């Protein structure tokens, strides 16, 4: 839907711009128009998502710890994240001596872009998707890997040993969790026969037993381990506790973003929440039926077939549930040591992932 | 066996003064005396090293050893001239003496000969004077920060 | 000896572990602290590492040297007491007791029985509070934030109790030569028992959340083992020594302040998980000691005798007669002792305070070799230092 | 008496600056300034940096009972680059002072410093015999809020944070003309009683008059001595100890420098 409406919008904008300058609309104006529209959408949709994530985390952490959490800035502290954001924008941007200035400046953009570009392929509701790529899942996994590049750039260019150590940890971590994450994501793709997230969602249309995690009961043997695997590896991908080693505060001061100040730091801070949210969303799409409700009302022939509001509600509920569970874990568990992360990923998660994949393949054959 | 008895028996010429509370030995014999305490009296821990400034001419270094069972503190004292306070180090046999002696060096200016790291530990390396000496003059200024109002 | 960035590093007795040199790597030198989340204050540790593996470390102290001993020599007896509080700001009452006991022994001052019991009660509350902080801080170092807050909940209640009697939240100035300053009320005694029940009831919560958490066990069991010999060589005391299997607790071995009247156990490592002297055992040791301290508090309140709380002979301008004494007592972090010499003047001639952390942290250089950086944090967190008494 | 030092007005508040009200109300930038200051005041991230005893109370402030997160200030950053306010919690020693300064240098602007505890305010209990203690952290870094106490209670730190918020906000308030400045309540009024302002100013009391009388007398004495010296000098140009000068009464203490002329009150003239 958004796709359907934004494209004409950008064309209109291009035409208006061309008219303003008295020129024929050409590809340049289209590109500018598309860019403007994309930026507006990013500002209006994605940034509140990140800020809301920060607010939720602080509030939930407070509740878990017998505290109140932010409650002075705006009603119930709702404007707290906004205040943080504006403050970071207005803060000095330090580029200290000895940094590799080009990499140092570019790293936050890459991380920011990688984390928020994942939202493009998310099917929020029937028809509400920016781009229904045939390789949506693949695109998403590739973006997760891209984020790592930004983090390594940041750690390397900072000319700070703690940052460097954080970056090296991230590298060690990414080669560990990427395999289980990919394997776990492959299982639903195998079951649905598609890498498109919309196709995978619609494959799960219908009541709750059509969801992939316990599809018809017997799929659970392959899918429950795969879901847990995806969730765990997703924690590592979002650098959340117990896998928050690259920025382990009690060990590495602030890890890879030790030397970043102002909004450049904010560009590491927000994507973390964006990444958590998009990973939760993908997990709910892959295993929990995405925007389909448990009663099957949104399935073909149901009462709410194609109703985007109803779909959005369920998508939002499932994603938020997974997101909040990630926060709850963050404030409960201690941190794993770096060699234990590698042990866990290679020797525990990887075999489980392979097993699930083989089982999924078998189940697919049987069906 | 009390420390006094043990030390009198093992090294009679090193003991200068002996009582129930402490034994004063010659400074150059402190390493052997400590060894005797460990072997004969069961001192397993060097609990504390203190320096005492006794102007005008003396300086004391006091060692408190700890016995585990029955729990007791055994005290050795060493007197050195204030003009040239040098005591052999215990750091090679008692790891706890390493920092304890460095602190005594730092605050009182007693030199421990043979110490592996004979440097100040608490105060900065370029600090002047040894604060726990009775005639210590308080600093007026240190690296541009004035010390008195 | 190597000198790196103007810092002289110990070579130490144990050589750095030989690492397989498949790839040509370069050593890194890290400055951990003085501003670092897990140095617990202003400790500075210079690390020489090969990637994540610590080859050598050197703790550099003195950033909080506050001239305590010189001040004790310069001020009168009663004026000097508050400075001792500030040595170990987490176990301030135990620090006061350390100085007061040796002055009282040297001057042969009698302390009324009620005052002795009050000292025991308040010092044990202080110990519980301090151990709660230490255990929570260790969890924080391991990345578990919430248990710290849960322990702080009980800690705040305990602080309120101390506040009610002494008037201070963190530093108390409560123990005086020959007694204590204020008596307690019956109402306070009831509150204190209620607090003991509250802490005891929450011990399971701490254990479930932190102590027996699988990840926490993985991080701490068998990590940074300080064995009996090393601990004794470095004169490490307190929970470190007991977790290493040495049943040395001065409250039992050299009872002071009527500790002989109470029935309590000295927990000694190894405990139910891990090996003797590892980080987990040091953490568990503190939690077990909390339970024993609660027992002592309950008994002392039940048996609290009537009478004065201070020796009337010790007045404002009181001076100790000539003499010297060395008395040690058991503070939360180890043995606090004072070598006290009086020449009969208005101030002590010399009051040498032994900070347990000073000796405990000197272990770090030797023990850190071959650990990962994450393990080094576990080692530092489980040693639990306070820089105030380390630097004095 | 200048605005800043008038009794009742906190000294940390700079005197209000005034512009043409029409300009103030119409320029969009001042609104932006307000937004920026509002966000800065609402998100004061402290540097997780504890020195001594006060650090424990700083931690207490962040914990369950006091919960500084209500003000959005619970985000203790471990790295100075991302912190807004440095709470110097504890004794600063000479060994530590360069590091404190360096941390402050590393912080990104705008940055503030709260000197927490007596030691950082002025040496505290270590003032006289603490040879290794810096007598006040303001010798090393500029301080915005002084918070006395040894250690200050967490409530006091919360108060300090709120005062700092006021300070942060006061900048744009001044620009927007929203800060009315300080007008002292009328003597003896209810507001004055509420603010604890005595109906009699300190310089109106008898004691002050006594002091003034003494000063007047001293000045007169000095003038007389000067005159006598002047008179004696030509009489005995070479004489070192003129008898006339010796006889003149010598003031016991050197005279105080005369009071600087009062700066005109910008508000009063406007």
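Just so it is clear, A, B, C and D label the chains in written order, and each chain counts residues from 1 on its own.
As a convention for this text, a contact is a pair of C-beta atoms (placed from the backbone, for glycine too) under 8 Å apart; a residue touches a chain by one contact, two chains touch by 3 or more.
Only a predicted model underlies this, so the values are computations on that prediction, with no experimental measurement involved.
The chain closest to the protein's centre is C, with centres computed as averages of CA atoms.
With centres taken as mean Cα positions, chain D sits 49 Å from chain A. Mean C-alpha position of chain A lies 63 Å from that of chain B.
The distance from the centre of chain A to the centre of chain C, with each centre set as the mean of the Cα atoms, comes to 45 Å. Note on chain placement: the centre of chain C and the centre of chain D lie 38 Å apart, centres being C-alpha means. Within chain D, residues 63-64, 78, 95, 129, 131-132 each touch two or more of the remaining chains. In chain A, the residues touching two or more other chains are 65-67, 249, 253. Of all residues in chain B, those touching 2 or more other chains are 122-124, 131, 136, listed in ascending order. Contact annotation for chain pairs lists A-C, A-D, B-C, B-D, C-D, with touch applied as defined. Residues 28-30, 36-38, 51-52, 139-146, 149-150, 153, 209-210, 213, 215-216, 218-219, 372-375, 377 of chain C are the ones touching chain A in the complex.
Chain B meets chain D in the complex at residues 122-124, 127, 131, 136, 138-139, 142-143, 145-149. Taken together, the chain D residues at the contact with chain C in this complex read 47-53, 55-57, 59-60, 63-65, 78, 80, 90-91, 93, 95-96, 99, 103, 125-126, 128-133, 150-151, 153.
Residues 35-36, 38-40, 42-43, 63-64, 67, 69-72, 74-75, 77-79, 81-82, 84, 108-110 of chain D are the ones that touch chain A when the two sit in their complex. Considering their complex, residues 1, 8, 10, 13, 61-62, 65, 67, 69-70, 73, 230, 232-235, 246, 248, 250, 253-254, 324, 326, 328, 335, 337, 339, 341, 349-350, 352, 354, 358-359, 362, 366, 391-392 of chain C touch chain B.
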